Each structure stands twice: as structure tokens, then as C-alpha cells.
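Listed next: structures, encoded as C-alpha cells.
Below are two complexes that have subunit A in common, paired first with subunit B and then with subunit C.
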Partner chain A sequence: MLSPTTNPPAALAAPPIRAWRLPAATWLLAPGMLWMALFLVLPMLMMVYVSFWTQTTFTVEPQLTLESWVTFFTTPAYLDALLTTVWLWLAVLLASLVIGYPVALYIGLFVRNKVIQTGLLVLCVIPFWTSFLIRILAWRPMLGSEGAVNLLLMKAGLIQEPLQVLLYSPLSVVIGMTQIYVVFVVGPVAFMLSRIEPSLIEAARDLGASTLTILRRIILPLSMPGVAVGAIFVTIMVLGEFATASALSGRKVNMLGNIIVTQVGSLKWAFASVVGVVLTALTALVVAALLKFAKLREEI
Partner chain B sequence: MSAALTLSGVSKAYAGAAVLRDISLSVGQGEYITILGPSGAGKSTMLRLIAGFERPDSGRVLVGNADVTAKPAHARGIGVVFQSFALFPHLNVFDNVAFGLRYRAEQPVRDANTVRTAVLDVLQLVGLKGFERRQVTEISGGQKQRVALARCLVSQPRLVLLDEPLGALDANLRNQMTTELARIQRQIGATFLHVTGNEQEALAMGDRVAVLDGGSVVQFDRPRALFERPATPRIAQLLNAYNHIAAGDGTWLIRNDLVQVSTQDAEPGAHAVRGQYVASEYAGSRVLALFDVGAGRHFEVEYHLGHSRPPVLEAGRSYTLCWNPADAQKHPAVH
Partner chain C sequence: MFNAPALRLFLSLFTGVFLIFLYGPMAVLSILSFQTGPEGGPQFPIIEWSLYWYRHLLGHVPPSRVAPLDIGPALLRSLSLAFATTLVSTTLGVMSAQAFRRRFRGSGLVFFLIVLGMIVPGVLVGLGMALVSTFLDLDRAWWSTSFVVHVVYTYPFAFLVMMAIFNRFDRTIEEAAWSMGVTPATTFRRITFPLIFPGVLSALLFSFTLSYDEFSRTLFTAGGDQTLPLTIYGSFSVEIHPNVFAFGVLTTLASFTLLAIYGLLMWLSVQRAKRFAAQEDSV
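What follows is the complex of A and B.
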């Protein structure tokens, strides 16, 4: 009665199930894709489009023109803002790496106890328990001419007059931003370093390498993906900054973000879009370069 | 035979718990020594002390005639092959092997051609000719093992420490590497110290085997002498080839391949026990028959299938297990 042919082999039944599984799993992406399409891709396309609209004093007309673009690239004040954004970003990135890397080195490599490691990383995040605005404004009583730093330096007899350069200067903006963003370097770098096998360092030592050589030839290269991820975090956040710059520079330092805020405030949508496109392109360029530099795809 | 390595009275404790107790041994130049011990016996600690990654609490470590107890790892002229290979994942095979020559603090080799010749020579020695451009993340476990070996041999160490070098390999590769390691060691004439938890490996590879147990070297002998005359019942247990029979004031050790199984009662005065057959364990060229000799104790009888056919055994039936008195060793009870 029951011949082998009446019993369909499992192999015949299997393909439809497999074919059904793949699109089913893909549907999991749908909410995220929809969200990104509606609130990221579409607005970005819109921004590029609006940047070519015609701007009058109070309105924008959908008549295509290069006027806003020409204004941006021929007005020294705006080019200055672009330059300021770039060098502030470089300064903050450098400061974050110089301050953050040794801390990450300590946490990731020299603290081998996972609990203490996590505890130290949590300590780094504690400043984030207060609001962004308070963290920035707290620098004023710290760096002001009658502030804590000047007071201490004068008491110690190192300076006679209060240092005016500390507050409402590019320096205070760099200090303020570094304090906020340095932790984004510490985290990823410490994570990469904690994954280095201790036997790797012992092997290098056994082969005769000095501590400095091990640091340069083994530890530094192996931590590079962490450095790149940290740098990407810092880059994305600093390039789009405007609050720290305006609060700690007394509105003397203008970044591209500050320009956008002012232009939107005076309803110059077309011009704000130009700055937005420039800023987005700059960010994309830097992030792409960092990704290429770290060859992240191979490491993670 | 001049000593390549001497340990004298070496002890080490962690947080008050002794890991190594007063270890003294001397290894000749060009010897292949295996160190056999169960996990927790202190094998890795012993290796790390010799390599210089740890300092002994007391005692001295001599390489050749030089006291290296206070010297750091890189100044000892000892090569280490790590259990997990510890290859540098961001470097290719060539750069891994060249690392020591290029970056050592003392007398680094600056000339690229000299480095190249040395690296290619040693890759040829370990059978990895043509692999120099490969990434170490892309090669197999056995190849990684060879790279690790090449990386340590390129500096021409007098003494090479291998921490369970075959532990991470599958059985097939293990057999292959066993032969390879022996060949390479003979070819370069360095002294090899090979730590393992596998008694077969220790016996097969070592010119001499040091048995480490509870932080002490309990026997240091040629493989055959060790296997045929284990110094204590505990060592016999580690060799995994002996039956223990308690006999009043001591223990009899009977090798499991020197036992006859029969259905007849033992003759008066013969050395024998009665045991109930439990099951057999088939292992290709040999088979292990398990008997219950009472009180939950097991007795193993091994048959080498190439030499003899095992008798047909019936589960649950009682058999006489007898042996030649000359083959049994009596050890007094340890108090």
C-alpha cells in the first residue's frame, strides 16, 4: 500500500519553506526602513531640492536657481564658518584622542577585571547624567575671569592677571566640546583593547620587543578600529554642533550649525538648505575616509 | 651531556596557595622533554616561570650555565609556542615570523634581505613554503601552529617551550604535527620542553617524561621506564593504563593489557580477581573490556586487536581476571 513514492521526500517539501523564510525575515526591516525613508532619505532629498529654490525676503519659491549656492561660496563670513567648523572638529578630535586614548589604554588593557572595567567606563559616563545645557554652562564659572581656574592659578602665583583667553574664545569651545565628546573615544577604544589576548603581548615580549615597540607594533594597530569608531562618533557630533559654540564663545565662534540656526530663524530656508547640504557632504566625506582608513569591515 | 635548563628548588604560590613546590630538574642539550600532568598540576605555571613571565618565590632557573632567575622573558633566549598560538592578527604570516628579528630590543636585524632569507628558511623548515603573504586569520589551525613555531624558531632559541601545542588541533592533525615536531626538533637540535595533559602524547614524543602532580615533579624518566614502572599508584592512574587492586597494606598495579580473562575459577595461589563483565569500548585497533570487581570499582582489560581476538564476553556474567605475578607491582599504602 505505502510505496516510497507516496511518501514525498523531505527535500521536495523543504525548498518552499526556505524560500518563504527569507522574505519573512526581511519584513523585520520594514519598520526601520519605512522610518528611515520617511524621516531621513526623503528630508535629505528635499533639502537638496530646496537649496536650489529662489529665496525672497520672507518666502521661498520653487523656481530653481543657483543663487544661494553662489552666495555661500562667495561670502567670506560663510567660508569662514566652514573653515571654523573644520578646525574646531580637528582640534576637538585631536584633544579627545590625546586625552581619551591613555584612559582607554588603562581601562582596556591594564584592568583585567571585567567588573572594575565596566565600573570605570560607567564613571566616564557620569557627566551625562546632567543635562547637556548645564554641562556647557558649568564651564562659565569654571573658566571666567573670576572663575575657578583663574582663581587657582593666581593663588598658586603662576599668573598675576586673570587669563581672558579661557572663556568666550575658541579655546573655551574646544575645552567644552572635548569634555563632552571624549567619552565617545574612550568607550570604543577600551572595548577593542580589552579584546586583545594577554598572550599576544607575552608573545611579543618573548620575541624581545620592548614595551614601547609592543605599544606601537601590536597594541596601537589592534586598537585602530576602536579609534576609528570613536573618531566617527566625535566627527558626527562635532560637525553638527552649534550649542557649545554659541554658549561658550559669546557668539564669536560661528560653525556651520550656527549659520543654519540663524538662517532658519529668519526663514531663509533655501540658504539654510545649502549649508545643510555642505555640512552633510562634509560629514559623509570624513566618515567615509575614516571607515576606509580603519578597514572596519574586516575587523568587525 | 651539558644541561640546557636547570631548575633548582623552584617554588611558586598564588595568594598563599602553593602551585609549584620545590621543583628541581635538569634537562640536557638537545633533549625533547614532555611534561605530563593533569589540569591544575602547575604545568602552565612551570612553563611561565621558565619563560620569564613569572618570577619564582624561591629557587633558581638556569639556562645553560647562566642564572636567568632575575632576567626578563626577552633576555633569556627562550622561545615560547603558546597554547592559543598568540599570532598577531593584524600581520600576515611573513610579518608574524619576522616580528622577533625586526623588533627585538637587542640586536634587531635591520637588513630586509637578511630578514627575508631567515623567514623563508624557517617557513620551509615548518612546511609553510609559499604561505608568507597569507593572513594568519585565513589559515587553518595546523598552519597557525606552524606559524607560531616558525615565529619562535626564527630567532634560533636554544630552548623552546611548547604549551599544549597539539591541544587545539583535531586528532588527524595532532598525529601529523607529532611527527613534524619531532623532525623539526631533531633538525635544529634545540631543547624542546613540551607540556601536555595527554599521556599518549607525552610517552610518544618525549626522550624523557616529567610527571607533574600537585605542583611537584613526581617522576622524571624515559617513556618506557615510566610506563612500565610508574613510581606511585597515582602516576599509574595518570598513565591511564593500570588497574588498581587494594591489598591490605598497599595497592597492586596491574597493566590492563597483561590480564587473561577466563570463565574457569582461578587456580589456587594464582593472582586473580573475579569480575562481572559490564561492557566493551571499541577503539579501532584495540578494545577495552570493563569489569565490575565489586564495590563499584572497575577493572579494565585491553586487547590489541592486531595480536589477539578478545573472547566473546557475556554482560552480567562473572569472569576470572588473572595475571602473571611478575607483571604486577606492589606499592605500599601512602600514609
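What follows is the complex of A and C.
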């Protein structure tokens, strides 16, 4: 082995450690930053810019106007899409929290065997390795009037006629989105809960706290950062959605994303950009509010 | 530890129902993919079990009223796109995370800019890129405009995975190598890389699967030639036949194979690390 005592000249000749430091951060970051500037920031700025262009039948001219903006805020169909986006987001977020939290509670707090705990979490994540569009599609034979749910309910004698409300309705959109995005709540919350010191709960128990008090006063507050992170993920995903909404509602539920798709399809670039800017503003607003609950960077 | 048997029972049942909710639709879809064809539709009851729709997918059945799903070229495009995206985003991710091992001014801003790539809704990134290419008069294609926005999406994931790895990384090992006069390049190859290998593997897996399945960013940027998710989306607008279900089963199996390979490589890497640690202990 090389050691300074047997080989002093080599040690002396070695350049000072400082010279062997990592290359400057600038050079390591430059390619990534350039990529993001050109292919993320520039396109987003372009979208804001084009939203003020003049729309003709098939093209847009770079003459600045507020026309598309006025159209957006004076057309009931577009304001409806804005409202639909907001209530769908709230419905899916609520459903994800109500369904995801108890599951996270079980996995994070009640399962103390690390192997089973990891296994259950993996089981929750595995569906993500199925194509997103296939997962949406899978709800059709499930919820349709001849679908599995209706068949089972009729066999059980709970209903006489198939329920029509299950598919091609706002309900099916909420069900489909919740199934896809609920895992974003389960993961972070289970992670936060699994870090709770058992002694903390024992201490509360010894001091005479009931199960409900422990849940409300200790477990819920300690899991809040996880809830906030999960809520941010669900929010980002749902606000930008359009595929689930159109495929499971039979195009009856129109979100802002659906409007963008239609407008781009008919080459209404300026108008699509207006909707894009509105969607960006909405997302930024909601995420900024949720970030107040959790310092995202410290969780990583 | 948490002594509340009633609550425990309730939560375990709840989790069970949750797993049915999570896996039920895919299970039903898989069962229906074995429906007989071409007269069997995408619903119960199963008239007769058959592999008809799988053969239909591969073009091994006589022509019928159900048009074949043209997945061959789309599959090739999606795989090439995912491969290129994975290479670039993992490289960028490793480089950026390496830079973040030291504090520097403006790190908050840089972090934000990278993470922005995964939080901006895909439909907006796609729209923006389509606008840029339209007004620069550049043709949109899966290998150009789709490729760059796919990297915008997967690079943050690769970066975050590598950040998490570097945060738990003992840098004195590297310093020991440097102080013995080993060049930075060799140190990276022989010391740093093997240690961060599990992270790199995860970054590769994330990038590949995210890009392979990416739909909303591709919709406006792919131009004329479709990728796999676009082909699937196209089949949504017409009547659904069980051939799409059969495709869903096959693509899911392919993804699980990838996941299994990842699991195996990860396991081997952990075993290697254990052997290495055992050797060190015995010295």
C-alpha cells in the first residue's frame, strides 16, 4: 500500500487537493440549463406572447391584440371549462386524500415489518408501469352498462337495471383520475408516517390520550408535509389533464386541457395560447399556496 | 405498536379494497382480451376463450371488419425515442447533481428551473414547443420536437434521483483517491460511478418508462409519424375492440419485464456492495 512514510516524494509531488476538486459547477450545469432555457422557458414565453397575437381563420399574425383574451372571458363555454377544471381538481384531490390517507396510515404506521411495508408500497406503484392510456381505457369494460360493476351489482340483486351514471359521466372521470393519481398521496404520507417515533405514541398513550386524540393531535400534524407533497402532485397532474376527461366522459366533460387540444386541432394558436396561459396561472397559484405547507426541497 | 385493534382491522380491510380498486380494471381488461373474435365485443360474458385478438394484433387472422392496429412502426419509434431520451436525461441528471454537491450561488434558481420541467403540465410544454417550431418554420417530428420535450420531462427525475444518492455519499472516499494522485477521470470511473450505480440505474428506468409512455407532451409535437401512445389514443375515438385490450396486456407484460430486470440488477448491485463491505471488514 502506498503510504506517505514509505514514499514521501510522491506525496509531496502530488498536487494540492484543491486542484483535484470537481470541475466548476458552471460547466456541469451549462448543458442542462441551456436545454431547459431553449425547450421549456422559451416555449412558455412564446405561449404568453402568441396569446396576444391576432387570430385569422387559419393563421396568426404577430399584431398585438387583446381579442383572444376578451373572447375567453366573455364566452360561457370557456368559463365553464375553467370551472370544470377547478371542481374536477377539487373532487379528485378530496377523493385521493379520503381514499389515500387511510391506506397510507395502514402501510406507514400499522405495518412495522419493513419487508411487508415495502412490498405494499411497491404494490401501489406497480400500476404505473402500465400505459396511462390503457389504464383509462380499462375503466370502460368496468363501468359500462354491460360492465363488470353493473353485472356484479345485478347478480347480487342490489339493482334491477344497470346504472347508466357509472360511465360517460363526470363520476367516471373522477373515478378514473382518482385511481390513477391516488398513489401520489399514499407514497409521501406513508413515508412521513413511517418516520414517527413509536415512543411518541406510547408516551401519549401513557398520558391517557385516546386513539382519536393521538390521531388528531400527533399523527395528523406530523403527516402534513406528506399530505402537502401528495396534494401538489395530484394538483399538477389533474389540472393538466384532458385524456381521461374526454375518454371517460364521452367528450361531455371539457377541461381547459380539452379546449387547448380542440383549438390546436383547428389551428387556433392564439386562442389555445390564451387557455394555456390561464391554465399556467391557475396551476402556479394552487401550487404556490400548497408549497406554503411544505418546503419541498427539504423533503428530498 | 399502535394498540388499536379495531382501527387496525378496519384499515387492513380498507387497504384490501383499495388494492382491488387499483388492480380491478386491469384484471377485467386482461380477462376480456381473451374474448373470441371477430364477433366477440369488449364486454362480458366471455363467449369463448381464445387468443384471437392477440393473433389479430400480430396480423395472423383473415381480414375482418375490425381494422388491424398498426403498432409495429409506432413501437419502434417509441422505443428509439425512449432510448435517446434516457441517454440524454440521465447524463444531464448526473452532471447537474454532481454540480449540486457543492454549494454555489443561485443554486435555488437552478434547482427550480430543473424541477419546473416535471411540474409544468405536459399539454402546455407541448403547446409551447409546437408554437416555437411553427413560427421558426421547423417541421415537428417525434425525433426532434418530441425528443427535446421528453428530455425536459425526464431530466428532473434523473436529477432528483441522483441528488438523493449524492446526499448519502461519503465524499472522503473520493478525496482519498485524489490525495493518492488518482486523476479525477479515473476516480469517477473506479470510485464514484460504482457507488452511484444504483442511482444511475433508477434514473435510467425512470427516464425510459416515463418517455415510453408519455402522451400529453407528444400529442402536439410528434408531427405526422405517431408514437405508441398516440396510436392508442387514436383508437379511442373509434369503437373499442378487444385488440386494444390484448395490446394493453402485452405492453404491461413488457414493462414488468423491464421492472424485473431493474430489480435483478439492483439486487446484484446490493450483493456486490455487501461482498465488498465484508472484504473490508475482514482486512
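We adopt the following convention: the second predicted complex is superposed on the first by the 266 of 300 C-alpha atoms of A that agree within 3 Å, B and C clash if a C-alpha of one lies under 4 Å from a C-alpha of the other, contacts with A are read in each partner's own complex, and residues count from 1 in each chain.
Everything below uses one rule, namely that a contact is a pair of C-beta atoms (placed from the backbone, for glycine too) under 8 Å apart; a residue touches a chain by one contact, two chains touch by 3 or more.
For clarity, every value in this text was computed on a predicted model and none was experimentally measured.
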Practice problem: Answer with clash or fit: subunit B and subunit C placed together on subunit A by superposition. | Solution: fit
Self-check item: Partner chain(s) touched by A:207 [first = subunit B, second = subunit C, both, neither]
Solution: first
Quiz item: Touching A:259, do we find subunit B (first), subunit C (second), both, or neither?
Solution: neither
Quiz item: Touching A:123, do we find subunit B (first), subunit C (second), both, or neither?
Solution: second
Quiz prompt | Greater residue coverage of subunit A in the superposed arrangement, subunit B or subunit C | solution = C
Quiz item: Which of the two partners, first being subunit B and second being subunit C, lies in contact with A:222: first, second, both, or neither?
Solution: first
Practice problem: Would you sort A:147 into first (subunit B), second (subunit C), both or neither based on which partner it touches? | Solution: second
Exercise. Note down the smallest distance between any C-alpha of subunit B and any C-alpha of subunit C in the overlay, whole angstrom.
Key: 9
Quiz prompt | Touching both subunit B and subunit C, residues of subunit A | solution = 202, 205
Exercise. Name, in rising order, each residue of subunit B that touches subunit A in their complex.
Key: 51-53, 72-74, 78-80, 82-84, 86, 88-90, 99-100, 103-106, 151-152, 155
Quiz item: Inside the complex, what are the residues of subunit A that reach subunit C?
Solution: 2, 10, 14, 17, 20, 22-23, 25-26, 28-29, 31-33, 35-44, 46-47, 50, 99, 102-103, 105-107, 109-110, 112, 120, 123-124, 126-135, 137-142, 144, 146-148, 151, 179, 183, 198, 201-202, 205, 211, 214, 236, 239-240, 242-243, 246-247, 257, 260-261, 264, 269, 272-273, 276, 279-280, 283, 287, 296-297, 300
Practice problem: Would you tell me which residues of subunit A are touching subunit B in their complex? | Solution: 197, 199-200, 202-210, 213, 217-218, 221-222
Practice problem: In the complex, go through subunit C and note every residue touching subunit A. | Solution: 1-4, 7-8, 11-12, 14-15, 18-19, 21-26, 28-29, 32, 42-44, 92, 95-96, 98-102, 104, 110-111, 113-117, 119-125, 127-132, 134-135, 148-149, 151-152, 155, 159-160, 163-164, 167, 175, 178-181, 184, 209, 213, 215-216, 219-220, 228-229, 232-233, 236, 240, 244-245, 247-248, 251-252, 255-256, 258-259
